[in-house]
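For reference, the structures are reproduced in the following blocks.
What follows is a pair of complexes built around chain A, which joins chain B in one and chain C in the other.
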Partner chain A sequence: MQLLEVRKLHFNPAVPPVLDGVSLRIEPGQTVGLCGPGASGKSLLLKILCGLVRPEGGRVEIDGLDLCTCSSAALRAVQSRIGMLFQNNALFDSMTVADNVSFPLRQRAIQQGIRLDEAYVRQLVHERLRAVGLADHADKLPSQLSGGQRKRVALARAVMTRPELIIYDEPTAGLDPVTTARIYDLLRRERDETGATVIIVSSDVEALMSFAPRMVMLYRGCLRYDGPTDAMANSPDPVVRQFVRGELEGPL
Partner chain B sequence: MRWAWLMMAGVARRLLRVVALTLRGALRARREPGELQRQLYQVGNRSLLFVMVTLGFIGMVLVFQTCLQINRVTGDLSQVGAEFAKILVHEFGPSLTAMMLATRVGAGIAAEVGSMIVTEQVDALRMCGVEPVEYLIVPRFLASLVMTLVLSIVGTVVALGMGGLTAYSSFHVPPSVFFDLSRVRLGDVATGIIKCLAYGAAIPIISGFCGLEARGGSEGVGWATTRAVVSSSFAVIVLDFLISGVAFFTLQASG
Partner chain C sequence: MALVAALGRAALALFREAGGISLLGIYVALCLLRGRIDWAELRRNLYKMGVISVPIVVLTAFFTGGIMVIQSGIFVRRFGAYGLLGWGAGYAVFREVGPILIGLMFSGRVGANNTAELGTMTVTEQIDGLRALAIDPLPYLIVPRVVAMMIAMFCLLIIGDAIAIGGGMIMSNLLLDVEFSTFYVSFADNVKLWDLWVGLIKGVFFGLCIALTSCHFGTSVRGGAAGVGRAVNDAVVAAALLIMVSDNLLTMVLR
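Up next is the complex of A and B:
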């Protein structure tokens, strides 16, 4: 994945606009943390970035391909190169954990017309499940797992095909501190191993800032901050400063 | 007003897209292994008893009422069986079976697809490079196409058999007189088969479309399911009317 570029993104299903004129440019291999108060358009921005939602104006370019105007076949091809961890996991509830994790791999093989070696798939699935600490749960259904376990299965599925761009939407929402630390450890290992471009959204700003060297902040559908993480706490913008420091007093 | 037209045009456009993708996917060889068999089982075997019982009772009621009316007018019951077989083959067998499938299969498809929409599983499919219509609707479409035909044949046979039993037990019409297939022409059989295929195609596409249009939480899934059952039953009746009308002047004209 060469480069991800969003220019002048508009999206307004209603008034006031959910997203209004967001421009971003993400280089390959970068890790970008996306934050902002609730209902500032973070999840929507992620969905637009990976082509699930079409913006009303503007363009999203990945590798020079405009996601808003390309054919649906080209869009699916780009999407299969993106790993996405959904906020609510979105595990396939009719499939076992192992089938969930191997699904992206099998689909890619079908699309490319390759026959997968069953033993190889099983081995790989086992390896990935062991990496997220769920090797014993391969034959369970998602409904039989706890919230943290489901999140880890979703994580294993998102990175199964070694995608060039990985998008994490709230990877630690609703999890206890130890599980959170474990998930961030997994994310870090995954990033170091693959060198993939990572976009991550989290309400846990502290953990996010220790993970991503570049931060982007959305506020009421507009880009409020885009720059290095270190400079964020001392930003001249009072909104950004208050949000990062978590202060009660301020414009927010 | 303008707003309503725009919305209807949007629905029609998205429905046409689902139809086109389903037909394209059905013609393509690339399939999920085992998925078609699973759907054949879901649509077929799971509906078998339901269709048999319903069509059996309908056969009994229709024959009973017909014999009752004829007894009041002429009292000649010798033609009831022959006419019943004819109308079952080209009309009641396929249409009533399809009405039953529209409720059972339609609701199942819409609820499953709809809940996958609201839990973002369909988005997850897209992110794996999978076209949801191709993955979710095409196997159900093929299974429904086959099974509507098979279940219609079963339903027709059961309705005819139960009708014959009623005629014999309540009106003393001997089975040798009742089971008379001489009136059933090739045109009637062809009409019946065309209807089966049309219903079998319409039910999963309409129900799948209603499922894909589901928004919101479990309430949205409920709405989608209701809409799927109502719309696919309605589609069965309208298709029945249209095909019957055309067939009356073409396929069945000689008979």
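Up next is the complex of A and C:
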């Protein structure tokens, strides 16, 4: 994946959040942390970036292809290069952990008319599950796992096909500090191994800032900050400063 | 004024849902014409929707045949028209009672389950998850379910019709002392193969109605668990309404 570029994105649905004139340029291999108060449009922006929602205005370009106007087939071709970890994990209830993790691989093989070697798939699934510490849970259903375990399965599935762009939506929401640290450790290892471009949304700003060298902040659908993580706490914008420092007094 | 506004809102909602169901039907037809269907999902759904429904359909059908005989028993006894029992039960079960009762039972069991499953998948972002994995939910999730429900209704009706006739035969023997052979001769001499086909055509059409309504309401759920509950309710009501309306139309066409 060469470049991800968002230009003057505009979306004003009947129900908030909205997006108003968001522009963003992400170079290959970059890790970008996306933050902002609730209902500021973070998850919506992620869904637009991977082609799940079509905005009313603006452009989302990946390698020069506009996701807003391209054909369904072209969109699916781009989506097959993106991995997404959803806020609610989006694991398929009716499938076992192993089936969930192998699902993207099997579907891609079907789409490309390739016959997969079953032993190879099993081996790969085992490796991915071992990497997230769940090798012994392959035959369980998602409902039989804890929140942190489900999140790790979703992570294993998101990176199964080694995508070039990985999008994480609240990867540690509702998890205890130790599990949160483990998840971030996994994300770091995955990033270092693959060199993929990473966009990550999290309400845990402290952990997010320790993970991403570049931060983007959305506030009421508008881009409020886009720059290095180190400079964020001293931003001249009082909204950004108050949000990062977690102060009670201020414009927020 | 408030009444007019409420009527307007209701009419708009009705047309919105009808449009959504029709559009889904067109998309499914286009997918089928292009051969876009996930065969593994079709097999899984045929088992889940068809095979698992056999016991409840058998039970419903057996008593349906019995009820036909019990209801007509008073008049059959009064006029001594025992020779009409097989024809009456067969004609009514094949053409009307079988497809409608099994259709409603199928809607309550399979349609409601389908709406709840798709609705839960929608609110827990599983359908978005499929799309993010570059998988079109239509040929993967929807088309196999529509085809499975149509095939399941066809097969379940054949089983149900046979059981209902058997139930009617047993009940007429137990309650009215009608010999099995008398019932059978009346049935075989008067009921035509076309009567069976009329019911089967209706059943397949009802299967299509149940599938489209349940898939439409399931995939358009908004608002978490409460939304799923509302969707299941709407889907069952809409399917029952469509079954009744289409039964009237099909009865007029298939004479």
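Assume the second predicted complex is superposed on the first by the 248 of 252 C-alpha atoms of A that agree within 3 Å, B and C clash if a C-alpha of one lies under 4 Å from a C-alpha of the other, contacts with A are read in each partner's own complex, and residues count from 1 in each chain.
Here is the rule we use: a contact is a pair of C-beta atoms (placed from the backbone, for glycine too) under 8 Å apart; a residue touches a chain by one contact, two chains touch by 3 or more.
Note that the structure is a prediction, hence the values are computed from the model and not measured.
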After aligning the two structures on chain A, examine chain B and chain C and state clash or fit. clash
So, does A:93 touch the first partner chain B, the second partner chain C, both, or neither? both
Check whether A:107 is in contact with chain B, with chain C, with both or with neither, and answer first, second, both or neither. both
In the overlay, answer first, second, both or neither for which of chain B and chain C A:28 touches. neither
First, second, both or neither for A:76, with chain B first and chain C second: both
Going through chain A, the residues touched by chain B and also by chain C turn out to be 47, 50-52, 72, 76-77, 79-80, 82, 84, 86-88, 90-93, 103-104, 107-108, 111
Touching chain A in the complex, chain B uses residues 30, 32, 119-121, 123-124, 126-131
Which residues of chain A touch chain C once you look at their complex with the stated criterion? 47, 50-52, 72, 76-77, 79-80, 82, 84, 86-88, 90-93, 103-104, 107-108, 111
Provide the residue numbers of chain A that touch chain B in the complex, in ascending order. 47, 50-52, 72, 76-77, 79-80, 82-84, 86-88, 90-93, 103-104, 107-108, 110-111
Which part of chain C faces chain A closely enough to touch in the complex? 120-121, 124-126, 128-129, 131-136
